[in-house]
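What follows is a set of notes on a single structure, which appears directly below.
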Amino acid sequence: MIRVGIVGGTGYTGSELLRILAGHPRVSLAAITSRGEAGQTVADLFPHLRGRVDLKFSEPDVGLLGECDLVFFATPNGTAMKMAPDLLERGAKVIDLAADFRLKDPAIWNRWYQMPHACPELLAEAVYGLPEVNRAAIREARLVANPGCYPTAVTLGFLPLLEQGWIDPGWLVADAKSGVSGAGRKASVGMLMAEVGESFKAYAVAGHRHQPEIFQNLSGVAGPGLRLTFVPHLLPMIRGIEATLYARLQGPDLDLQSAYEARYGAEPFVDVMPAGSHPETRSVRGCNSCRIAVAEPLGEGIVVVQSVIDNLVKGAAGQAVQNMNLMFGLDETEALGALALLP
Amino acid sequence: MIRVGIVGGTGYTGSELLRILAGHPRVSLAAITSRGEAGQTVADLFPHLRGRVDLKFSEPDVGLLGECDLVFFATPNGTAMKMAPDLLERGAKVIDLAADFRLKDPAIWNRWYQMPHACPELLAEAVYGLPEVNRAAIREARLVANPGCYPTAVTLGFLPLLEQGWIDPGWLVADAKSGVSGAGRKASVGMLMAEVGESFKAYAVAGHRHQPEIFQNLSGVAGPGLRLTFVPHLLPMIRGIEATLYARLQGPDLDLQSAYEARYGAEPFVDVMPAGSHPETRSVRGCNSCRIAVAEPLGEGIVVVQSVIDNLVKGAAGQAVQNMNLMFGLDETEALGALALLP
Amino acid sequence: MIRVGIVGGTGYTGSELLRILAGHPRVSLAAITSRGEAGQTVADLFPHLRGRVDLKFSEPDVGLLGECDLVFFATPNGTAMKMAPDLLERGAKVIDLAADFRLKDPAIWNRWYQMPHACPELLAEAVYGLPEVNRAAIREARLVANPGCYPTAVTLGFLPLLEQGWIDPGWLVADAKSGVSGAGRKASVGMLMAEVGESFKAYAVAGHRHQPEIFQNLSGVAGPGLRLTFVPHLLPMIRGIEATLYARLQGPDLDLQSAYEARYGAEPFVDVMPAGSHPETRSVRGCNSCRIAVAEPLGEGIVVVQSVIDNLVKGAAGQAVQNMNLMFGLDETEALGALALLP
Amino acid sequence: MIRVGIVGGTGYTGSELLRILAGHPRVSLAAITSRGEAGQTVADLFPHLRGRVDLKFSEPDVGLLGECDLVFFATPNGTAMKMAPDLLERGAKVIDLAADFRLKDPAIWNRWYQMPHACPELLAEAVYGLPEVNRAAIREARLVANPGCYPTAVTLGFLPLLEQGWIDPGWLVADAKSGVSGAGRKASVGMLMAEVGESFKAYAVAGHRHQPEIFQNLSGVAGPGLRLTFVPHLLPMIRGIEATLYARLQGPDLDLQSAYEARYGAEPFVDVMPAGSHPETRSVRGCNSCRIAVAEPLGEGIVVVQSVIDNLVKGAAGQAVQNMNLMFGLDETEALGALALLP
């Protein structure tokens, strides 16, 4: 059994980790920490886990966590980078679901997250945990940076086009929409149901932290000269991300459908839908899949890609478990077989 | 492997059966029928089943269905009663998720469902599939009437009180609320999102078909003299039923909490929550549990029971699979271990 | 022009007052206060008021407010009672939308609101602002206690039955459901959309502060011996309250429909719907009406009343403006003519 | 008083016309027709109009309608073009809220709406009823084609940029999102709340009927060479459209904010929000405004415009009344002063 610790278990990514890991036959939950809720039973906070998760929240303790085989960080940005070096030294592997190890350049980290990086020496070693791109490296990794939710949907959507060199990298548009669970489980006026229900808006138009992460992912394929406009929006629903991607095709008669099917045919968690499809976020609600459709409307040379994920699963906790499975030599799909809950 | 057929697979109870049975290690899906969609791939209609359910919808055929070990009817009321006798004769067992075999008295059936019963001779044999009441009989049954969604929530809620004789049966009130999936997957103006979203109302105040079913259940325990006021309401959400039940206590100093815990302590799918709890429908979303809380507000002699289920799971397809497990001697919880999807 | 001040303008009742009063031809807005937002433009916080409300929030100042003809308190409980005596002395009239002056007995206030009353000497003078009951007194009042949202819906629903003496006052049940705006506009985890969307639950089953208020209202008609079970629930929507009321009829052949129509026929803001109706909350969204239907299901001697209001309008700001109109001798319906926004 | 008839009054645009016109001091409703509901009281179908609209639905009758000063068509596409010639000849003016008179080229109509045009000779005379573009012509018009909902939001969003010649017309992207009321009030499985609630998707990616309408609007300003990618999406909410628009700026140092403020400063129903704003659909819920924000994220030469309207008001019935006011020489804002209903 893999001994697992979770730091920061009171948010939505933490509770999703618990939900998924509670059904994992090779995992034993050793500790789940929360400064604010230490001493409280997990099932009191999350009644859907009653009878299946018996742990109590505990104070984060590096000694105890260091005895785990793997520690997940489901914490705010800036927490994992302070504890990870110590845990790695004690022999634990680390998967950070926050952004601490996603950006390779500490100056860019500093600019977007407004704090110096606590362990820039680990950034080169950290593996960006998108299995569809970095599977081999993840298998060998001690430290995995679990991708952001928007970056997962957008990167998987653009990837085949950039790998083929079929689109002009000079003007990529990603119009992305997320359910409210992406904002986390913390008190705020702005995310009250009375504020965000029955309404829709863009946000962070001037610049969102996932922009440099997506930029890094896509530039890694396309090389220099990439220009990306990324606009996130807030949906009046709980789970799900849809990204509609726009780019200019570099040539006529490109077989978009076949290229996507070839690229993702062997992927267990990317589903290229038939031509003409409109993937719905509910078709991945609670499951670890990314569903994608690609089209060229009216034959005008603009490609439109639709990409949907559950932001808490393939966009967070599910992908983290997928990475764990790879890091520990397990079947990549272990505990991730749940079908979407529809309707 | 148990060969299973599903008649009427294009509705929500049908698709939930597929979702749950796709994960059942002892079941092979032999046929799923739909007159309207015959020939179409199941995954085209239900994209969340892509890659996991390879069947096509077929015309209902008694010969083929009769070769199944078990046939589920996920059809409108009045369909199963026409085909069940033939199927039973061919050796298949039958679970009807509609109302055809729930009411013991064909006159009451006729009054509430406005059609004569096609096989009243089977009503005595049919077992009402509420395992918490009829477990032993279900194990032996050929024909199971799967309970209605409201009746499941209300019956489980009132049951311990009536069994103890602690409440006046002369005035029971059940104020029940259901998500819109309870109305099924059929075209209607009244269930458009623009009609039922962001609004709430009672319906069928003059009399709802689940009233006689609940009445039959409760009278079976309380005997004559029962009087039940049942008012259903429509919630602006998709899944979930909450029933708030009111009755007059027959004595002081009754240990309500202990009575509920004792009654349901061994039940795998009924969870009596701690005193003071307010069960949320989301705590059972997608899972087969009924969560219950009991209280006596302000010590005034009125008991208030809260009971929540997912109308499509414990209120329909999940309970049907629970019944199947019992009928075929399997572990009652097989394929029903999914935790609720929260948030 | 009536000079109006609003204390506590950053919540939903405050912004509703602004929305309604912006269209009132006899009102000039003199001041709107908020300690937290002092100096900020109202339209920055409430973009729907852009171009129509030019005020800035200011610190509450008794001197300035005392020069108003009328001061509305849209503040948390316990605020108005501290400022009202001073304002009344300066000649301003006061309408409190919170609970400070609703309960006549300061001991009951203390028990339910957990603070001593700051000016119990005003409780006798304060008029409970339910025009359908106290119209004449409101016209003469200096100090009006605007009713709570649940109490408005429940009281108007039970009133004709109690006035007629047609129901047993010994067991009244009010099963009430409210949209999330009833919880106000303040940061909290519990009211995040990810927590309350797509879910439903009862709350405060052990006792809610509106219970004694409703009790006082109904006892005022029924006399001693009243027993009321009141259970509020939280709806996954923004605006609207529905209350389903249950009581035992004291006799046969009561003409319920006619009694309600007679009682409310002259009321501009109570609409008795035709027999057999199911009033929807959306039919009063944004408007000052209470719509009511009454029925006796299955002829079993139990009366069921459905009562719907918009909790922010007839349940708060709209009723407050109705009271203002009465206090200042205006047409009671002035500025309250908006039709519901449906769908 | 202007005598008004409405053809097709049972949908959402029809009921919105009724809601708005019920408060118009210069309008008398003469007839509202519906083949399906003829004889039924309007208030039975639309309870929010109880007490304010006393009409019954009637069969459409050209004779009666021809006596009106103005006839609104709130009908499916293809209806108005059959009746308009006759009504115009009888002296009535006509505003069509459907698409019949929007496209100037009958061949393009035929291609997108799959039916020949019944009166192509009227297309040249018909005025496209976007007051911000065609105010003078609308004042003189007998026949107005009320714009589509998406075209209103997208056209107003792009207009200042194209008028200034500041963007490359060769690649415009409009990523638009609409609430479900845009699909109308007709029975369908696809628009059930259980199908579209808590989910999000693009639709009609291959080509939507509003694409040629927007294209015609923008080409009218930009001239030849325009290329527009328009992708509509379905939001899990009832009212509101948000369009996020992307284009390549043709030069540096363009004062976007000032250009928008100058273009729309005198417009009563277009509100250019301060720089850095994120307009929310709820800020225009139930009101006739279009709110717009413009930005150039990260200074990279791509302009992003956000434009929000209520699809049923500025996107349909409100704009139709605005056009009526212009056609009859009234104050353009008459009956359109309602503030948005927020929250």
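Order as written gives the chain letters A, B, C and D; numbering starts at 1 within each chain.
As a working rule, a residue touches a chain if its C-beta (ideal position, glycine included) is under 8 Å from a C-beta of that chain, and two chains touch if they have at least 3 such contacts.
On a predicted model such as this, the values are computed, not experimentally measured, just so you know.
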| item | value |
| --- | --- |
| Where chain C and chain D overlap in contact partners, by chain label | A, B |
| B-C or A-B, whichever has more C-beta pairs in contact | B-C |
| Farthest chain (mean CA position) relative to chain D | B |
| Interchain centroid distance [CA atoms averaged], chain B/chain D, Å | 45 |
| Inter-centroid spacing, chain C versus chain B (mean Cα positions, whole Å) | 39 |
| Chain centre separation (chain A, chain B; CA means) in Å | 37 |
| Sites on chain B at which at least two other chains make contact | 12, 179, 181, 185, 194-195, 197-198, 236-239, 279-280, 282, 285, 343 |
| Complex contacts: residues of chain C adjacent to chain A | 12, 179-181, 183, 185-189, 191-198, 236-238 |
| Complex interface listing, chain B residues touching chain A | 12, 15, 19, 22-23, 46-52, 181, 185, 197-198, 238-239, 271, 273, 277, 279-280, 282-287, 291, 337-343 |
| Chain D-facing residues of chain A, complex | 171, 173, 175, 177, 179, 194-195, 197-203, 205-207, 211, 227, 229, 231, 233, 235-240, 242, 244, 246, 248, 276, 278-282, 285, 293, 295, 297-298, 300-302, 304, 306, 308, 343 |
